[in-house]
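In what follows, chain A forms one complex with chain B and a second complex with chain C.
Right, the complex of A and B next:
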C-alpha cells in the first residue's frame, strides 16, 4: 500500500462467477505484480473496495494468505456500489485499499481445536480462515466446519465445501433450513442442529469462530456456552458502516471502540462487557 | 522555551510581515459572533473575540475537501499546492483541541491530509479571559504548554510571546526587530499576577474526572430518552466542537464518467443516517442512542484511548445547541442534578 492510507490501488478482476442468486465471487489481483506477491493479510481482515465515481465499501477477504497473489471476495448485491460492481467483467479494474482490521488471532489458535460456525454470507470471511487452517494443517488440532444456509441454492461455495467432506482431517457439517430441491444429502435444520455432532470437545483447548446474520448469534452462542468454551475463546466478526477502515471517519464506532481497527473480530467477552456490539 | 516581548501596537505590522509566509487568518466579527476570517484587511482583526463559531479545526480538516482526483484508473492525491496559513488568535483550550486531533489523526494510521495541513498551518495562540460558558480550567486546558508555534499573552501594552516550535522561531525571525528579547523581572511579575487573576475568572466549573464511571452507571438512564426527545439531530454540536473529527465520503464524477474526485465532508453521529448500513439496518436508529454515543465518546471513550476527555471546555456546545443539550447540562444531569 502507498503511504497514503486513503489511496486505492488498482486491481484487475481475474475471475468472477455467481455463488448464489445475489452473491458474486470476485477474484482480483493487484495490477502491480510485485505488489501482488507481497500483499499479506490475516483471515478475518477486510479491504475497502471502490469504483472511482461511485463509492467505496468494506468487504471481507475470502481467500487465504497461504495462497498469495490473488485476493477473493464474495459480494452481495444490495445497493449503489455493489450494483456497479456486478456490472464489471473480467479484466476490468477496481480500486482496493487495505487490508484493514485485526483479523483472527491465528497464532493463538496453534495446536488448538477449532470450531468454525457459519451462517449465510458469514462464509465469506470464515472460508479464509478455513482454507488457512487446512493449508497449515499440522499447526492445528481438530477442525470442525459447521455451515448453515437457508436453501441449498443459498449456500456459498457449496461445491467446494461438499468436496471438503471427503477430507479425513476435517469435520465438515453442512445444513440447510429447508431443502426445496429434493436432492440435498446433508443435514436439514438450522445451524444449531449441527451441534449434536460435536462430541468429545475439550473446551479449554478449543477456539470457536462465528460469523453470520445477527439473528444467528444468540442461538449459536448459547450452544457454544453449553460446550463449556471460555468466553474469550469464542470469536465473532461484526459489521458496521465504514468509510475509512483506519479509525478516522467515526462511522463504525460502538461506544469506546472502532470496529474497523479494534475489530471486526471480537470475543464474546468483548461483546458482553462493551455493550451494543450485537 | 524562548519568550519574547512584542509591543501591542506592532501586532498588525507583524501580522502583515507574516503574509510573506502565508495567508493570515484571525478573529473577525460577523454580526454578533466571531469567525476565523482571512485578514486581507488587517483592520478586520478583532482580538476581543472569545470564541469563534467554527473552531480552528476547519483549517486542519476543512468542512469539505478532495482527497484525490481520478482519471480512468489513476489516482492523484490532492496534497500538493496546499497553501501556508497563519491562524492567529487561537485560545489555549483550542490548542488543546488541536493536540487531541494530532493524536487522533497522526498516531495510529497517520492521515496524510491532516498531517500536510497541520505542517503548513502556523498556530498563533492568544490568551483569553473566560466568560460564563468557558470551563477550560475544569478540563485543565486553560493554559497550553505546547501544540502552538507562537503564543501571545496579552499583558496590557505588550504581549509575552512564547515560541513553541522551530516554525515559530522562523516566523519570529521574519521580523525580529519588532520583538524585545529582554524579559524583565517586572514582566515576569506581571505575568504571574495575570495568571492568578485569570484563574479566578472561571465562573463555570465542571468536574469531569469520574465521567467514565458515571457514564457507565448511567448507560440505561432515562435521561438519554429525555435528551433524545429534545434533540433536533441538527449536528451543530459536532460541527462546532474542536475535537469532533467524523466525516463522510462522497465521489464526484464529471459527465464524461472517467474523471472526478473523492471528497471528505464533515459528518455528525447525531445524524440519523450515520450508522445506517446497506439493507436499511440502523445501529443507532433512536436519537437517544445517538446523544448517548456523542457523550460517551467525548467523556469516556477518549479517556480510555488517550487518557484524557475529548472536551476542552471551550463552551461552543453551550453557545450553539438550540435545545440546551451540552456538556454543562448533560454532565450536571448525569451527576443527579436537575
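Right, the complex of A and C next:
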C-alpha cells in the first residue's frame, strides 16, 4: 500500500459469475502483475472496493492468501454501489484499498481442530479460511465445515462445497432450511441441527469460527457452549460500517473498538464484554 | 527556554517581518467576533486589535480547520493512474492559539499520527506549522477547561507562548524553532523583567479563579465510569430532546476527528477522492450496506458522543477528547449544555 492511506489502487475484474440470484462472484487482480503476486493478506480480512464516483464499501475477501495473484469477493446486491458493481463486466477497472482488519489468527489454529460454522452470506469470509486450512492441511488437526443456507439455490459455492464432501481429510456438512427442489441429498434443517454430527470433540483443543446473519449467532453459540469450547476459542466476524479502514474516521466504532483495525474478527469473550457488539 | 518582552509599539514590525517569510494566521475581529484568519493584504494589521484579540477567549472557528480542512482532496484515480495531491510547502505560523485548541490538536495527533496508520495530510500540515500560543486571561461563561483538568494558559505543543501584559507582550520560547524566531527576526526583543513574569503569574491565577467561579460544580474523578454505567436510554433521550439535529456542535468541535470519504467522478475517466468532516449524530453514520443500524435511535447516537469523548478516548489515552472550549453549546440552538450532562451523569 502506498503512503497515502486513502488512495485506492486500480484492479481489473478478470472473472465474474453469479453464485445465487443476488450474489455475484468477482475475481479481481491488481493491474500491476508484480503487485498482484506480492499482495498478501489473512483469511478474515476485508478490502474497500470503490467505483469511480459511486462510492466505496468494505467487502470480505473470499479467496485464500495461499493462492496469490487473484482476489475474490462474493457480493450481494443490496445498495447503490453493489448495483453498479453488478453492471461491470470483465476487464473493467475498480478501485481497491486494503487489505484491512485483523483477520483470523491462523497461527494460533496450528495443530488445533477447527470447526467452521457458516450461515448464508457468511460463506464468503469463511471460505477464505477453509481454503487456507485445506491448502496447508498438514498444519491443522481435524477440520469441520458446517454450512446452512435457506434453500439449495441460495447456497454459495454449492458445487465447490459438494465436491469437498469427496475429500477424506475434512468433515463437510451442508444443510438447507427448506428443500424446494426435491433433489437435495444433504441434511435439511437449520445449521444447529448439524451439531449432532460433531462427536468426539476435544474442546480445549478446538477453535470455532462463526459467520452468518445476526439471528444465527445466539443459537449457534448456545450449541458451541454445549460442546464445552472455551469462550476465547470461539471467533466470529462481525459487520459494521467500515469506511476508512485505518481506524480514523469513526464510522465503525463500537464502544472503544474500531471494527476496521481491532476486528472484524472478535472472540466470544470480547462480545460478551462489549455492549452493542452484536 | 527563555522569556522576552516586546513592547506594543514594536509588535506590528515583528509581525510584518514574519509575514515576509511565513504565511501568518491569527485571530481577527469581524463584527465583534473573533476568527482565525490568514493575514493578507486586505485585512489591516492593527496592534490595538491584536492586543484585544489575544485577551479574548478562543476564536469562533476551531483550529482543526488548518490541519484538516472541511473538504480535503486526498487523491484519486484517473485513467487508472493515481492522482497525487501536491502538498503546500509554504511555512506558516499560527498565532494566538489557546490551550483548548492546543488540546484539540493533541487529540488529532493521537488519532492521525500516533497510530498504526498515519494520515499523510495531517502529518504534512503539522510539519510546516509553527504554533505561537497565548494565555487566556479572561475566560467567559462558556469556558469549562478547568473541569477537565486543563489550564487557561498553554501547556502543550506550542513553540512560543505569548501573554499580553502592561505595555507589551511577554514571550516565552518553548522550542528551538520558537527561540530562533524571536532572536533572529527582530532586535527589539529584550529580556523579560521579574515584574513582567510576576504580572503573568497574576494574570494566570486570576484566570484560574474566574474559571472556578464560572464552573463551581466539579466533575467526578471517575467520570468515565459514571458514563459507562449510565445505561438508561431515557437519560440520554431526555437530554437529547431539545436537539434540533443540526450537528453544529460536532462540526465546530476542535477535537472531533470523524470524516467521510467520497468520490467525485471526472468525466467518466476516473474520480477524485475527498475527505470531509462528518458527525456521528447522522442517522446513516453507522448504517451498514444491508440496512442494519447499530445506533438507529437518536438517543443512542447522542450517548455515543459522550462515550467517545469521555470514556473510550480517556481509557485509551488517559485524557478526555474534550477541551472545554464551549463552542458546542455556544453554537447550540437547542441550548444543550454539555456541562450539565457531565455533572448529572
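The criterion applied here is as follows: the second predicted complex is superposed on the first by the 278 of 278 C-alpha atoms of A that agree within 3 Å, B and C clash if a C-alpha of one lies under 4 Å from a C-alpha of the other, contacts with A are read in each partner's own complex, and residues count from 1 in each chain.
The rule is simple: a residue touches a chain if its C-beta (ideal position, glycine included) is under 8 Å from a C-beta of that chain, and two chains touch if they have at least 3 such contacts.
Note that the structure is a prediction, hence the values are computed from the model and not measured.
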Clash-or-fit label for the pair chain B, chain C on chain A: clash
Partner chain in contact with A:10 - chain B first, chain C second, else both or neither: both
Partner chain in contact with A:239 - chain B first, chain C second, else both or neither: both
Partner chain in contact with A:95 - chain B first, chain C second, else both or neither: both
Overlapping contact positions on chain A, where the chain C interface meets the chain B interface: 3-8, 10, 31, 52-57, 78-79, 82, 93, 95, 239-241, 243-244, 246-251, 253-256, 261, 275-276
Contacting residues of chain A [partner chain C, same complex]: 2-10, 31, 50, 52-57, 76, 78-79, 81-82, 93, 95, 214, 239-241, 243-244, 246-256, 261, 275-276
Complex interface listing, chain B residues touching chain A: 67-68, 70, 73-75, 77, 79, 104-105, 108-113, 219, 245-253, 257, 260, 262, 267, 269, 274-279, 283, 293, 296-297, 300-301, 304-305
List of chain C residues in touch with chain A within their complex: 74-77, 80, 82, 84, 111-112, 115-120, 231, 257-266, 268, 270-271, 273, 275, 278, 280, 285-292, 294, 304, 307-308, 311-313, 315-316
Sites on chain A touched by chain B in the complex: 3-8, 10, 31, 52-57, 78-79, 82, 93, 95, 239-241, 243-244, 246-251, 253-257, 261, 275-276
